[in-house]
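A, B, C and D label the chains in the order they appear, each numbered from 1.
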Amino acid sequence: MLVALLAGLLPFVKMSLVVNGLVLASIIGLGAIGLTLIYGILNMANVAHGDYMTLGAYVALFFAGTLIPALGAEGGGIGPFTFGYPLLVAMPLSIAAVAAFAVAVDRLIYRRLRERGVNVVLVSMASLGVAIALRGLVQLIWSGDVQRLPRESREVWRLPMDVRVPPDSLFIAVVAIALVAATYLVLSRTKMGKAMRATADNPDLALVSGISTQRVIQWTWVMGAALAATAGVLLAVFQANIIPIMGWKFLIPLFAAVILGGVGSPYGALAGALIIGVTMEVSTQWINPSYKPAAAFALMLLVLLMRPRGLFGPRQ
Amino acid sequence: MALLEASEVVAGYGETEVLHGVSVVVDEGEVVTIIGPNGCGKSTLMKAVVGLVRVRSGGVAFRGAPIEGLPPERIVRTGLCYVPQTNNVFPSLTIRENLEMGAFVREGDYRTRMDEMFALFPDLTRQPNRRAGSLSGGQRQMLAIARALMLDPVLLLLDEPSAGLAPAMVSTVFERIREVNRAGVAVLLVEQNAWEALRMSDRGYLLVAGESRLEAAGRELLDDPDVARLYLGGRAT
Amino acid sequence: MDLLGIVDYLVGFAIMAGIYAVFALGLNVHWGFTGLFNIGIAGFFALGAYTAALLTTSSPDAAQFEDFAFAGNWSNLPLLDWGVDAWYVMGLAAAALCCGLVALPVGYVTLRLRDDYLAIATLGIAETVRLVFLNEKWLANGSKGLYRIPEFLGDVVSPGAYDYLYLPVVLVVLAVVFVAVQTAVRSPWGRVLRAIREDETAAAASGKDVFRFKLQAFVLGAMIMGVGGALFAHHVRFLAPITFDPLLATFVIWAMLMVGGSGNNWGAVLGAFVVWGIWSGTQFLPGPLGEPSFRLFMIGVLIVSVIVLRPGGMLGEERRTARGAPQAQAVGEG
Amino acid sequence: MAATAPILQVQDVVKDFDGLRAVDHCTFDVWPDAITGLIGPNGAGKTTLFNLLSGALAPTSGRIIFDGRRIDGMEMHETFGLGLVRTFQIPREMARMTVLENLMLVPAPQLGERLWASWLTPWRVARQERRIEAQALDALGLVSLSHLANEYAGNLSGGQKKLLELARTLMAEPKMVLLDEPGAGVNRILLRSIASNILRASVERGVAFIIIEHDMQLVMALCDPIVVMANGSVIAQGTPLQVQQDPRVLEAYLGGQIHGAA
C-alpha cells in the first residue's frame, strides 16, 4: 500500500531528486545489509556500525590522499570522476583494515560478553562504547576538521527530464550494485554464506550440523565491516567531504532501512534502503533539505506504527 | 567394542538435574530405542551425547574415544549425527541448502551423497529449491533425517521422529529409518511411539525419572507388563 | 592559581557535576531500573535547555538578524509575578513538560517492540531536535544560538559571583530529583520496573501492563533530563545547536551511570562527580593526552571496560531487603 | 461435581504456527472446584494450549470463555486481572530481586504502582506495603521458603524456584491457576509439599487448577478429571481410572496396537 502511495506521487516529483535518492539508497543499502546480517546472526544492534563507515572513509583518505601521493604516484583523474586511481587502490585496503578491526573488536569484547551469556542489550551498549572510542581514535589521528578526498574533476552530466548528476553518482551506483550482487552470491552460493543464513535461522541446529558458530560470527563481521567500509568511502565521495561524525549521523537512515525491511533480512534491508534513500531526497522538494534525516526517522515511526515488524518482516 | 557407550551420565539444565546416572550402549549396526514417560530425560540424554548439554559426571565414549565435553561441531565430525525433535530444519533455506548444511564439515564433493539422499527420500526430490519452512511436518522430518545423514554417519541419533505426525506418515518415517539402518548405520532412537519403535529395534531401554530401569531386547520390552504401568502411573514391581 | 581561583574552579566544577548528576538519575530511570536503551539523551538535554531559555530570555537585537523572529521570552507577559523568580521555576517545569510530551508519542510507537528499537528512536529524537533548533532561525536564532539567558533571580549578583549563587540552586534541584527518583524506584512502582527489566514475560504473567510501565518510565526519565537541560541553560547562559554534541550530551552521561553503578541512584550521582572530575581534570594533562579526542576515546574505553570487567560499576545495585523477614545468609551476587 | 457452571470453556480452539497445527480443534470444560490434569505425549500441544489460555498467544480460531467472559486474544496482564494465573515450565523469576520482592510484586492493583501515590501519599502506600509484605511472608511460610526471603531469587535452586512460582500464584488470589509441570526437577519430599499446597488451595480457597504434569503418580493422585491430548487434539477425558483404562490413551503414549502385539 505504501509502495502504491509512493508510486502515485511519482509524477509530481523531480526526477533528479529520485536519481539522487537512488544513489543515496545504494550507500544506505550497503551499510544496512551489513547491519542486518549482524543483527540476524549475533542478535545485537551494532551501534558502532556508522563509525565503521567513518573509519572506512578515513582509511581510504589516508591511502588515497596521503600515502599514495607521498609515494609520488601521481594518479590523475579517471575519466569524468572527481577522484583518481589512488581511490581504487585505497578502497580494498580500507575494506581489509575495517574488517580486521571489526574482527579484533569482536574477539576482544563481544565474544567475552557472549560467553558470559549477558543480555543482548548490554552487548549493544558495549557497541556504543566502541562507537565512542572509535570516533575518538579517528579524531585523534585525523583531527576533527572537515577533510576532502583529492578532487580531479568537476564535471556534471545533463540527462533528459532535467536530471543533472555528477559522474561520481554512476560510480557509486555501480560499486554498490556490484557489492550487493557479490553479497547475494556469497549468501546464496558459498558454503560460509549459507552457514551464516543457517545460523541466523537456528543456531543450535547449526552447531550439531558441525557449523562453527565462532567462524560464522567472524565472517559475519568481515562481511558487515567490508560493506560498511565501502559505504563509508562512497559516502565520502557522495558528500565530497569527510568528518568524524559522518557515520554516527548516518545511523538513523541505516537503522530505518533495517527496521523497515524486517530485522535480519538482507533483501528487506535493501528494499528498506531504497525507500528511505528516495524518501530522504524527494522530501527536499517540499521541506528544508537539512531535515532529510528527520524525514527518514518520521517514515520509520510511521511504518512501525502500522507494521511493527517492518514492511517485509514476518507477519506473526 | 561398543560403538557408543554412555556410562553413568549425569546432566541437566541450570539448577535442575534431569539425568541421575544413565548408561546406554549401542553396538555397530544396531537399532536401539529408549522409551519412557514424558520428562524422564530421554531428550536430555540425546543432547548430552551430542554436546548440547554439558555432561556433569560420567562418560560418553564413541568408537572407544571419550567425547564428553567436546563442542557439538567437533562431535559430529566423529561420525555421530543428531536430529532434534523440533526445529530440526533451517526454515529459510531450501531443501538442497539444508542438505548442504548437513554436509558442512565434509571435505570434498558431497553431490553423490545428496543424490543418494534424494533417492532415499523421494518426497524431497520434486522441489529441491523449495524453502524448508513451507514443508509439511512429515516432509520436514524426512529432510531433517536426510540432513543428518549427509555426513555418512556411523550412528544416527533420532529424537522422537514420529512426534506430531499423522499416523500414515509415522509408518513411512519408520520405514525410512529401517532402510537407513539396513545401509549399515546404527540408530539410537528416542520414542514415544514405543510399539512401532521397539518392533524394529534390536534392544530397548526404559528410562524413568532420569534413571534407566529396564534393558531388554526390543520385543521383550514391548511385552513387559510393567511398561504400560510405568507410563500411566501405578507402581512398578 | 591562588586559593580563590581554586574555590572558583571547584564551585564551577560542582555545578556542572551536579547538573550531570540530574541527567545520570534520569538515565538511571531509563536504563538502570527499566532497561530502556536511550542513546539520544542529547535530544532531551537540548529540548529542556532551549525550552527554559526561550521562556525567560528577552529578545536580542533583532536588527542584527535577517530571519530571526524569536519565539520566546514569555516572562514579558504580565501573567505571573510571584516574587522569587517564579519564571525560573516555570522554565524548569516547562522543560520537563516539553520533554515528556516528545517522549510520549515516540515511546508509544516503539516501546511495544524490540528493546533496541528505542535506541534508534531516541537517536532520531536527538537528531530531529538538533535540526529544528539549527534550521528554524525564527525560533532560537539557528546556529548563532541564544545568549544572555538570564541568571537565576535576574541580575542580583555580579556575573563573577553568580556561580556561588547558582551552586545551591543546582544542589537543591538535584536533591529534589534524587528524592523523587529514589522514592519512586523504591515504591511498588519501581518494583514493577525492575521486574520488567529482569523478565518482561514474567512481569506480564504477574499481571503487570508492561507497556504502560515502560512508557511511564520513559516519560519520567525524559522529564528529568529536561530539568537537567534547564539547569544547564541558566548556568552557561549561552545555547547553540553545537552545544549538544553527542559526546558531552549523551556519551559522558552513559559513562557516568555505568561507572557509578546503574540501578543505584547514589551510584549515578557518584559517577557524575567522578567522571566529570576525570573529564575536566584531564584537560590539564600535557600534550595529546589532554586533547578532547583522546578524552573521547577514553570515555568509550571506560564504558566498554565497565561492561566487560565490572558490570555493577563502583557501587552496584542495592539489594532491597525487608525488615520483617529473617536475614538471609551471605551469598554472592546473582 | 458440585459446581453448576464451568469456569473455563475451551471451544473448538485452533492454533497454527508457520503451517504446522499445534492445537487442533480442542474443546473441553473446566469446573471451578476441580483440579484438572492435562496430560499427553510430548508435542501434544499442552504448553501451547496454556499459552493460549493465559494470553501469551492468540488462537487462530475458536473461543475461550473464562468466568463468563471471552478471553481469547486478551493480553497476559488482562487475563491475570480476571483471576487467571499461570506458571512456567522453566521457572521465570526476577533474578536480581529478592524472593520477597518477587512475591510482593504480584498482588494487583496496588496503590503504590501509581507513580503519584508514592510521592503524594507515601503513608498509604507504606500501609499497603506492610500488608502485602505480611501476605508475602505468609505465602513463603506455606512453601517453606521463609528463610530465603531476602535472598536474590536468581540464587535459588531449581526446586526452590518451583516453590517460588507456586507461592507467586498464591499471592495473586486467583480463581484459576495453570501449572506447567510443577513437579519437573523437584525431589519427592518437595513434590509432596507442592501437591498438598495445591490441594489446600483447591479445597480451602476454591481455586480451580489445570496441571500439566509428567509424573503420572502425582497426576493420578491429585487430578480429577484428566484431559488427554495427542497431536493437538483432546483424545479422551474422564476420571483417572477411565483414562488409565482407555485404549486410545495407551495408544497415544505407546503407539500402535499394544495389546495386539502381546
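Operating definition for what follows: a contact is a pair of C-beta atoms (placed from the backbone, for glycine too) under 8 Å apart; a residue touches a chain by one contact, two chains touch by 3 or more.
This structure is a prediction, so every number in the text was calculated from the model and none was measured.
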Where subunit A and subunit C overlap in contact partners, by chain label: none
Chains in simultaneous contact with subunit A and subunit B: none
Selected interface, B-D versus C-D, where C-beta contact pairs are more numerous: C-D
Chain located farthest away, centre of subunit B as origin (C-alpha): C
Intercentroid distance (Cα basis), subunit D paired with subunit C, Å: 44
Centre distance in Å when subunit A and subunit D are each reduced to the mean of their C-alpha atoms: 48
Distance from subunit D to subunit B - Cα centre to Cα centre, in angstrom: 32
Cα-centroid distance, subunit B relative to subunit C, in whole angstrom: 57
Subunit B, residues touching no fewer than two other chains: 91
Residues of subunit C touching at least two other chains: none
Subunit D residues counted as touching two or more neighbouring chains: 18
Chain pairs in mutual contact under the definition given at the outset: A-B, A-C, B-D, C-D
Subunit C-touching residues of subunit D, taken from the complex the two chains share: 54, 56, 75-77, 80-81, 85-86, 88, 92-98, 100-102, 104-106, 108, 110-115, 117-119, 122, 125, 128-130, 132-134, 137, 146-155, 168, 172
Contact set on subunit A toward subunit C in their complex: 44-45, 47, 109, 112-113, 118-122, 124-126, 128-137, 139-140, 143-144, 245, 248-249, 251-252, 255-256, 259, 263, 288, 290-291, 293-294, 297, 300-301, 304-305, 308
Residues of subunit D defined as touching subunit B within the complex: 18-20, 41-43, 90, 156-159, 161, 181, 184-185, 214-217, 219-220, 231-232, 240, 243-244, 249-250, 253-258, 261-262
Subunit C residues within the subunit D interface of the complex: 180, 183-184, 186-189, 191-192, 194-195, 198-199, 201-210, 216, 220, 317, 319-322, 324-329, 331-334
Partner subunit A, residues of subunit C touching it in the complex: 35, 37, 39, 106, 109-110, 112-117, 119-121, 123-124, 127-128, 131, 134-135, 246-247, 251, 254, 288, 291-304, 307-308, 311
